[in-house]
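Chain lettering (A, B, C and D) follows the sequence in which the chains are written, and residue indices restart at 1 in each chain.
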Amino acid sequence: MGGNTFGKIFTVTTFGESHGPGVGCVIDGCPAGVPLTEEKIEHELARRKPSSVSAASTTRREADKPEILSGVFEGRTLGTPIAVLIRNQDQCSDDYAALRDVYRPGHADWTWEAKFGIRDYRGGGRSSGRETVGRVAAGAVAKAFLSKSGVSIRGWTASIAGINVPQDNGFDIDFAEGNPLRVPHREYAEKIRQKLEILRTEHDSAGGVAACSISGVPPGLGEPVFDKLDAVLAQAMLSIGAVKAVEFGSGFASAYGLGSALNDRFAPCSVPLSFLPSGAPSLKYATNNAGGILGGVSTGMSIEFRVAFKPVPSISQRQLTLDHKGDPYELSIDGRHDVCIVPRAIPVVEAMSALVLADMMLLNSINR
Amino acid sequence: MGGNTFGKIFTVTTFGESHGPGVGCVIDGCPAGVPLTEEKIEHELARRKPSSVSAASTTRREADKPEILSGVFEGRTLGTPIAVLIRNQDQCSDDYAALRDVYRPGHADWTWEAKFGIRDYRGGGRSSGRETVGRVAAGAVAKAFLSKSGVSIRGWTASIAGINVPQDNGFDIDFAEGNPLRVPHREYAEKIRQKLEILRTEHDSAGGVAACSISGVPPGLGEPVFDKLDAVLAQAMLSIGAVKAVEFGSGFASAYGLGSALNDRFAPCSVPLSFLPSGAPSLKYATNNAGGILGGVSTGMSIEFRVAFKPVPSISQRQLTLDHKGDPYELSIDGRHDVCIVPRAIPVVEAMSALVLADMMLLNSINR
Amino acid sequence: MGGNTFGKIFTVTTFGESHGPGVGCVIDGCPAGVPLTEEKIEHELARRKPSSVSAASTTRREADKPEILSGVFEGRTLGTPIAVLIRNQDQCSDDYAALRDVYRPGHADWTWEAKFGIRDYRGGGRSSGRETVGRVAAGAVAKAFLSKSGVSIRGWTASIAGINVPQDNGFDIDFAEGNPLRVPHREYAEKIRQKLEILRTEHDSAGGVAACSISGVPPGLGEPVFDKLDAVLAQAMLSIGAVKAVEFGSGFASAYGLGSALNDRFAPCSVPLSFLPSGAPSLKYATNNAGGILGGVSTGMSIEFRVAFKPVPSISQRQLTLDHKGDPYELSIDGRHDVCIVPRAIPVVEAMSALVLADMMLLNSINR
Amino acid sequence: MGGNTFGKIFTVTTFGESHGPGVGCVIDGCPAGVPLTEEKIEHELARRKPSSVSAASTTRREADKPEILSGVFEGRTLGTPIAVLIRNQDQCSDDYAALRDVYRPGHADWTWEAKFGIRDYRGGGRSSGRETVGRVAAGAVAKAFLSKSGVSIRGWTASIAGINVPQDNGFDIDFAEGNPLRVPHREYAEKIRQKLEILRTEHDSAGGVAACSISGVPPGLGEPVFDKLDAVLAQAMLSIGAVKAVEFGSGFASAYGLGSALNDRFAPCSVPLSFLPSGAPSLKYATNNAGGILGGVSTGMSIEFRVAFKPVPSISQRQLTLDHKGDPYELSIDGRHDVCIVPRAIPVVEAMSALVLADMMLLNSINR
């Protein structure tokens, strides 16, 4: 199975370069009978599009109209592969001609050339963030599948440019969806917006942290010992460009804590859990330091994780780099780039989460 | 491919429960002709064994003599599956009878029962740390394969119980191998030892951070977009019990930094790199914030990552939990448990790294 | 990995229903740098199109212009996924409205509904022969990859409607490509054409046998014990619609023979074979009862196999069948159907062979 | 996934050489809670052992006592990997020293050396028929899983040395199990026995055909388009040593027939079928030319296929061959070899069938 396919039962293969004819995906293994429309997919694609009102975003215009090429008949999935194509537009390939022979710092230009011996230099080719369009389209299908099971995935901006959004006072997850920075806090949304405006004028970029919470997950998901739920989610997150770290539940903080404090205690569960095999009792936990996963298997508590993104490497400051002959080259990336990728990456984090959950639901069904 | 198989070309399947007849692995896809002996495997297994001199360790005695059942002939691999068996000893199953109907906090007891509807309660069954014996045995084979390519993997204890080992003054990676806590610093090894002794008397446990550095990695390893080198390493690390987080290079810190500071600059490379496809120039980097991976592909710089382990959940303090009827149960885990798992997990981190690198070397060879 | 993906390194995922927007494929794992154009793909697609001059063929018109959506840049593969789309045309969905609630004998109508609970009844949906367009497109890419290695794949019609094409007198493989029935024998091409004309007037259909010969295959291909070269070729062939049997070399005849007669003898090999690992001597065989494969591994002799196709189940005679309520229904399939599928299946047999060989070449390269 | 792993959900990895320490398998993906004992596995292993009363068999003694190393607790599967080890005995490696530098005709000696550059010459190493012990052990686990679903697999000898067992008069499937040649016909069992005695005195060997019937299969099994039920069964069969062909239902005969004769008609089904998705009506077929599979998906009728085995290549006649220098060598294989492998291959055919069916049952469950 090639490196562009993800999942074991609910599998997705994505394709496409930034400035080629299009990007897209093929989902194989989605059960038959799931209601699915192009509108559902377009809705998710719209969430990752650059926003004109966002201080964080590129000004590139992407129409991103998905076309379902197969696998859906009269509004329901057929159980056959679902191919989705999104044509590229507004490509401005000429902008990139200058980059043909030069390697941008912090980008994959040279490493991919060192791997493949050839690269599509236009906008980074497949190493571009545009590749995530295929993931988001596939994630929309996964969400459609998951919708009947009650699984709900919510991502938000937890931190940008060193400004941490407080989790308590003023935290409002519903506010996140409404603002282009995906900050779940009215006051901090504005703080971060101002910070990003400053960085833009300074021709610099910022990193940040995305948080994600998955609720409604039945206990029992995850396939030890190598495909533990957190292990596969970690792969999913680190496969997103610019991600440098992931932590579950108490994460790195748990490395500094004690067992007596971090062990989550059980609590009686008044409502019987669904999806349990016969014999297993319904339980829950009083705390959730584990982030919803123990021994690689979901506990039934919400799954909580955080993903660290490095700053966008494309900055308009002059940078000294090398060209394909190894000669020095002074580079000034001019263009339509995000200052911080986190807001637009939230739908990608959610999409990858949905793909993992859909696959794990199906894999776990064999034990029923 | 089941959840107990890892890798695509160089694949390993592990098996075994803590108190069953044995644990082990089958490696399929190791090229023929690699020199391999049981002694090499035993050497790595010895590194993960509990040490009588370590304040961190359980007092369980494990002989851990590996037997190569197949795939090796006259000291060299045949290209056929290499099965390795390590029998369990000193099992003391009776110690665990009390745990038959009760769920230990922080362990996988209940989640695995919620998944499978059945569990081997003796020592946690397959969710036990003993499962990692199969990984270490397989990692020894991967290391044997990698040895001719110059790849070198070194793990060490970076932090335990809140005590961070300084990376500069006094840091001595060779010292790490010699002391049972795998601390690469004479002074801090003693500090941490004392801290763990105190925790043991307090019937508590501690988390910690393992660091790993992989040098000699050629540029070009990693299979975008889903099997990026860091993505698969992240899966590998999170698949190890008790791991809650992983970060590469600047990791979480990069989420708080700026692009102008974090972009690694290129530097001319005086010695031509091997493994490069024709046409790609030899380059290196002046800094390594990326941790040796850009766009999911190795840069040729050393790969650097850190892994957070939660505290060992087995503590001798009284803990309130629930039994299989959902009734309260006061639990006091008596037994031979590690206070901090990090020192013994270092060989596991290395083994999983070796498995990833071996697979990625083979996968990348198709582009040559 | 879903059932619509084939291969381990050189993988193809196909998609598409007969009367949906289009059919196509995504190839992942094709090495970078392979010259590839839409013309090459279109050439292979043209070979499987119904021919107006063929007595065997449907009269459906298919333009079958492939569009490469990704993975190719300036005429060479990038090492990234290669997506190819062929739009459906001339669909005449209305012709099929009558089939909405009735199950055609010999087709997959009911079994697929029994599997998925839903089906696209228009032209059989994905169970249609039109699905093979994606395979042929992918096979064209595989052929492009194989072309530099000297592997050559030739399929032909060996038998139709009980008329066996003699392998000796008058056999002319080059003649096969030139005639629409792919019969490698001028005289028998005419005999078979006349037979098919008669069957068409009788509203009946015929089965037949396709033969395939692959030359230029280096010894060593095949991945025992489950992915033996013949085993994977057998899967590839039986995955083609209407195939009911496959045999390699002496095939079923060898079940009736003696060891003393069927063992192929070795012969000295004057020219050193390429691709051999060091130490293995160059040998060949005096005969080829094995069909080029021993112990699941290629011998260096040409690979020879034969594939049996059942008669096209769509016949214009009245057939008694059942509808979705289990009630009797008298069916008369009116339409543009092939009388015998073998001639048009030859390019599909070749395409699947090419996919297998490409994958096996890459898999075997790990032993070099 | 290496070439020694088979299946997608219910997966088996086999290991072991003929004269190494042992052979065995690891099954991953078997659902939890399946009753399993070493006795069940030993029973199947006994069926493939050479029989002292069989004219067809080698006189090698194999104890073949399986040891379950993992995955079973208190008589039930845990949902974790099930490792089974069978130690080799009575190995007589010295017998094979003469074969170190010479290649036996009809065997994999040279092709495997051409692949791997190294081989275990003792008894063919992993290319030996002894490798099938791991398959039969795994098949026993698959049968245990299948037993609750009503699937029943029966194989028998259909033809040996040109003597075809009649399917009508005197055919008695229960008689097959009782006689060492697995011939389901008292009279023909004796005929074949006499023929094999003659061949043994003539130092020759014979091919034959195994037949297999799988009943109780629900409709809907098979994963189009590449993992069709017949496609995967074909791979499974061709992966068995000495197999040269497979045919389903009317098989090669259907290539010579007409559509009007071969289309199986539907028949009303009085008893509602289980496993059907809602909406799909219960139907059956009046005939079974399809061999129980249409469009790659099971029809609910019994699955019928036939497998052709070539003659055992080890014969005691003098054969001229070549050695590792390419020099001529006159070979006389002395030893304990089967005259015809079909009787002992029946349990292997059944085991591989069981593995396919178990996997397909689980894969299909996602549509429920």
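Just so it is clear, contacts are C-beta pairs under 8 Å (C-beta built on N, C-alpha and C of every residue); 3 or more make two chains touch, one makes a residue touch a chain.
Note that the coordinates shown come from a computational prediction; the quantities given were computed from them, not determined experimentally.
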Task: Shared interface partners, meaning chains that touch chain A and chain B - done: C, D
Task: B-C or C-D, whichever has more C-beta pairs in contact - done: C-D
- [ ] Averaging each chain's C-alpha atoms to get its centre, pick out the one most distant from chain C.
- [x] B
TODO: Report the inter-chain centroid distance for chain A and chain C in whole angstrom, where each centroid is the mean of the CA atoms.
DONE: 39
TODO: Just give me the whole-number Å value for how far the CA centre of chain B lies from that of chain C.
DONE: 45
Open item on the list: Could you work out how far the Cα centre of chain C sits from that of chain D, in whole Å?
Closed with: 26
- [ ] For chain B, write out the residues touching at least two other chains, lowest number first.
- [x] 1-5, 8-9, 14, 29, 32-33, 79-80, 115-118, 126, 224, 277, 363, 367
Task: Residues on chain D engaged by chain B in the complex (per definition of touch) - done: 1-5, 8-9, 11, 13-17, 20-24, 26, 28-29, 32-33, 67-71, 73, 76, 78-83, 85, 115-120, 125-126
Task: Interfacial residue positions of chain A with respect to chain B in the complex - done: 1-6, 8, 14, 103, 105-108, 110-118, 126-127, 131, 159, 161-162, 199, 203-209, 219-228, 230-239, 241, 243-252, 254-260, 262-266, 268-269, 273, 276-283, 289-291, 293-300, 308-315, 317, 319-322, 324-326, 363-364, 367
Open item on the list: So in the complex, the part of chain B that touches chain C is made up of which residues?
Closed with: 1, 8-9, 29, 31-33, 79-80, 224, 277, 362-363, 365-367
